[in-house]
């Protein structure tokens, strides 16, 4: 085990980023043209990074496996984006946003990164408004805000229930502008299948064209991964169907350490599954908790419809347990509280797998029109999916895997343990600790992409000026290409009886049961024996029909699911060694008498970063100690 | 419920296609249309046959990836609903459902129900943005924007780029898409400096590939986000004005 | 875009505005709307003028003579009338040529047609048949001119008054029926066309938009109602 150095700049926290920006080496405008940068992924992080790097003058090659740079799953974020603008004079500040985020992350994030995030949050809003993002406004023409879970101020900027969409379109438009300017070469329908490392530095990637099947190499002076999170390890999650871990997992296998894989966020407000063939879970924005009240019947055998259940037969369990934050308690706490009620038999709905999110009180207070103006599209979506009208009957919700705080380990400059390989947005681990607050994912993706990475990547590139370039004729590229081809051929040669999706669903069931909302030593050990067994079955019994030289969704999924098998093991292993409960990681062995998470700051105030050591050997654990110089580590209380 | 599907199968962009008939059995009415196709595909894969390729991703109606003609309607019979959000309770046991890809010169078929919509990206690349370098923006509240303008811009910006408007248009026209992109930016103060250039450039690229508008209104009816053809009128006005005010060499 | 560039890249003389406008499909639609408005003005005036059939033969003939001597003596006899005719012909040519070119463009925009039956949601019969109603109206127009303007196919004797020509023509039941059919086609064309021109011209505002459909319906009802009444009145012997 080694101790990782995040290379955090010295000095007071308010000055770290500005001082460091001055200290970093620069690449002059004329020399930027001499450097090429690969950006994989065109979500909020990737698109904003590629656009900004292009504006700066770097030669950028951007890759997305979607048919357009506008389709990444950032687009599905509904609620909003945080910023410490304090436009409403309710006492917000950079420091408060920083403090809330560190506390919300259950003291498992890196102070310096979080402070920087809070600092640039204001620039993000300015930038997005200038790009034409149509944020909600008040009649005076100024920006509107709402409040979100885990905060006692209104700092969330939003665009109806489609904030992620609008921010992504802003970044996509900025990227499109650079495509037109020819500073960015955009490759759509191209999936990164592996990373190429030469002399310990990341120098390129190998991709497969999802339409023609062509496998090709691309070289650059640096590689940026902006490929999102790995919630689809659970199969059923709120992520898009194609979200996967392959880019970061392949990078991990090539030497990038993977940090805190067990930190996964379960979002409290998704629509419960209706049957076992369901392909994904749909999120209802957390913003609904501003006006909706969450409850279950006090009687487990309650048979009346929700509207007929009198007040004294309802248990508003969040308001009861956490009176200060009530229905706006952080995600991990709200999720577990719902799970606790459902596990105790108080669930609602035909499968008794949900809790009520009730708007009747808000509709009575504000009127149906006001509620429709705020949440109309969400209500419509709920009705389309369930066939029930949430204006008349309460919604049914249940927690669902939603976001992964873990990811590739990066230092303060967002560089992984492979020099030249950077990870931004959800693909890295750095800013949210063990739990992410609502409206902070969009903030982090754009902070990394617009403001942090474009500054820090110069510090890596500057000393490379004049050094000989590695191009795709290097033998390492040929070797990685051969590996990729062999893997594709192996899948195409499969003659089993089951679809890739079947294995994915089974894998997801294991991960959800044992490494989901709450975890135990026995469960995790069981998962660690079940996953390899299922993996062996996958290798022998999967069926990938069709050929490799055309669109072949089974082939695409086969590689992604195989990587999920390996990641799932690491998630369980990480959850097993973290003998405490913190944020999204809840170990049943570590809880207080009244069921709250019990953190162990003496032994676990660190990041666990895993090093790949081959297919047959166990991964090696490394640590980064977390120092809290500004925020006092305290038991998180939302009571 | 049990259904009979007639699905367009086409091996590649230049291969001839044909309808194939499949039986979908034991479909839950709570499942989505795409989950119903998943079920059919699962059966095909078990038999070693190639599954039906279709476009999809978020399955919550926002990424704009999915889309197909279902019984002669873009995204199927339910108004304001993407294919992924269409649920089987919209159909009845025993129905025959005909499924075909989007068809337009701008959307060539790649395989089965998958089409190439990159023409939309080319329209945006030609000018569908506000030129502002990262970090050069003024404070976000320095320019107040009337709420109505911001809300209308948002209505236009709600476009998900799925292409249902083109698919549903009897002329294969992309006016609704282009006008929505234009209106989003042209309605905002930030969008004014480039308003004319943007309008001329985007309309120009649109007309290279897509048809012209005859004001049927099918696009608006098919649009899963309910984007209004009022934006087409606005585009027409902006375009004319841009042509009239355009300076030499612009 | 509106300028031509020579080989050396220097900007030369700007292309005329109308040509620039006409080059784009949006511009063609705009010109179709403008020429349509010219046609609408004519069609309305034509119908209103013809209402004099109900007043008396003299009033009707005097109206025809008035048109012939419009703006006389500023312009020569028939001068204003011929000028109006020229404008109408020009509008008609622009309308028809633009329609033909746009139709060709639209065919190219969907080279492969849908193989399954389309289920239209809002496109009504009138909108979907614009091309056909347009062709019918065009053919009818040719006959109408040959019948009542040039008199080639009119049964009235040489030198008959305009009133007599109208009555002679509409007294034949098949011809009266032809006028009814042609006006039905014209009605369908106007019903969509009048609404459509607001879109093409970009005349849209939240308060005004709901009225556009009503306007199109009312205009169509008035014009076609009037037009249909003439052959019916002759057939019923109200006008003789």
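Each chain carries a letter (A, B and C) given by its place in the written order, and its residues are counted from 1.
Keep this in mind: contacts are C-beta pairs under 8 Å (C-beta built on N, C-alpha and C of every residue); 3 or more make two chains touch, one makes a residue touch a chain.
Bear in mind that the values here come from a model prediction, so they are computed numbers and not experimental data.
A.B. asks: In graph terms, with chains as vertices and touches as edges, which category applies: line, ring, star, complete, or other?
C.D. replies: Drawn as a graph, the chains make an open path, so a line.
A.B. asks: Can you identify the chain nearest the overall CA centroid, using each chain's own CA centroid?
C.D. replies: Smallest centre-to-centre distance to the global C-alpha mean: chain B.
A.B. asks: Could you put a whole-Å number on the gap between the CA centroids of subunit B and subunit C?
C.D. replies: 35
A.B. asks: Can you work out the whole-Å distance between the CA centroids of subunit A and subunit B?
C.D. replies: 27
A.B. asks: On a C-alpha centroid basis, what's the spacing between subunit A and subunit C, in Å?
C.D. replies: 61
A.B. asks: If I count partner chains per residue in subunit C, which residues reach a count of at least 2?
C.D. replies: Correct list: empty.
A.B. asks: Spell out the residues on subunit C that touch subunit B in their complex, using ranges where they run on.
C.D. replies: Checking each residue of subunit C against subunit B gives 1-3, 11, 14, 17, 20-21, 24-30, 102, 105-106, 108-123, 127-128, 130, 192, 195-196, 198-204, 206, 209.
A.B. asks: Quick check: in the complex, which residue numbers of subunit A touch subunit B?
C.D. replies: It comes out as residues 48, 51-52, 55, 66-73, 75-76, 85, 87, 123, 125-132, 134-143, 159-160, 162, 164-166, 169, 172-174, 176-177, 179-180, 188, 211, 238, 240-242, 274-275, 277-280, 282-283, 380-381, 384-387, 450-451, 454, 497-499, 501-502, 543, 545-546, 550-554.
A.B. asks: Would you mind writing out the residues of subunit B in touch with subunit C in their complex?
C.D. replies: Subunit B residues touching subunit C: 6, 8, 19, 69, 71-73, 77, 79, 98, 100, 103-106, 109, 168, 170-173, 200, 203-204, 207, 209-218, 220-222, 229-230, 232-240, 243-244, 246, 248-250.
A.B. asks: Name, in rising order, each residue of subunit B that touches subunit A in their complex.
C.D. replies: 11-12, 28, 30-32, 34-35, 38-39, 41-42, 44-46, 48-51, 53, 55-65, 78, 80-81, 85, 87, 89, 110-111, 114, 116-118, 120-121, 124-141, 144-147, 150-151, 153-154, 157-158, 160-161, 184-185, 188, 190-191
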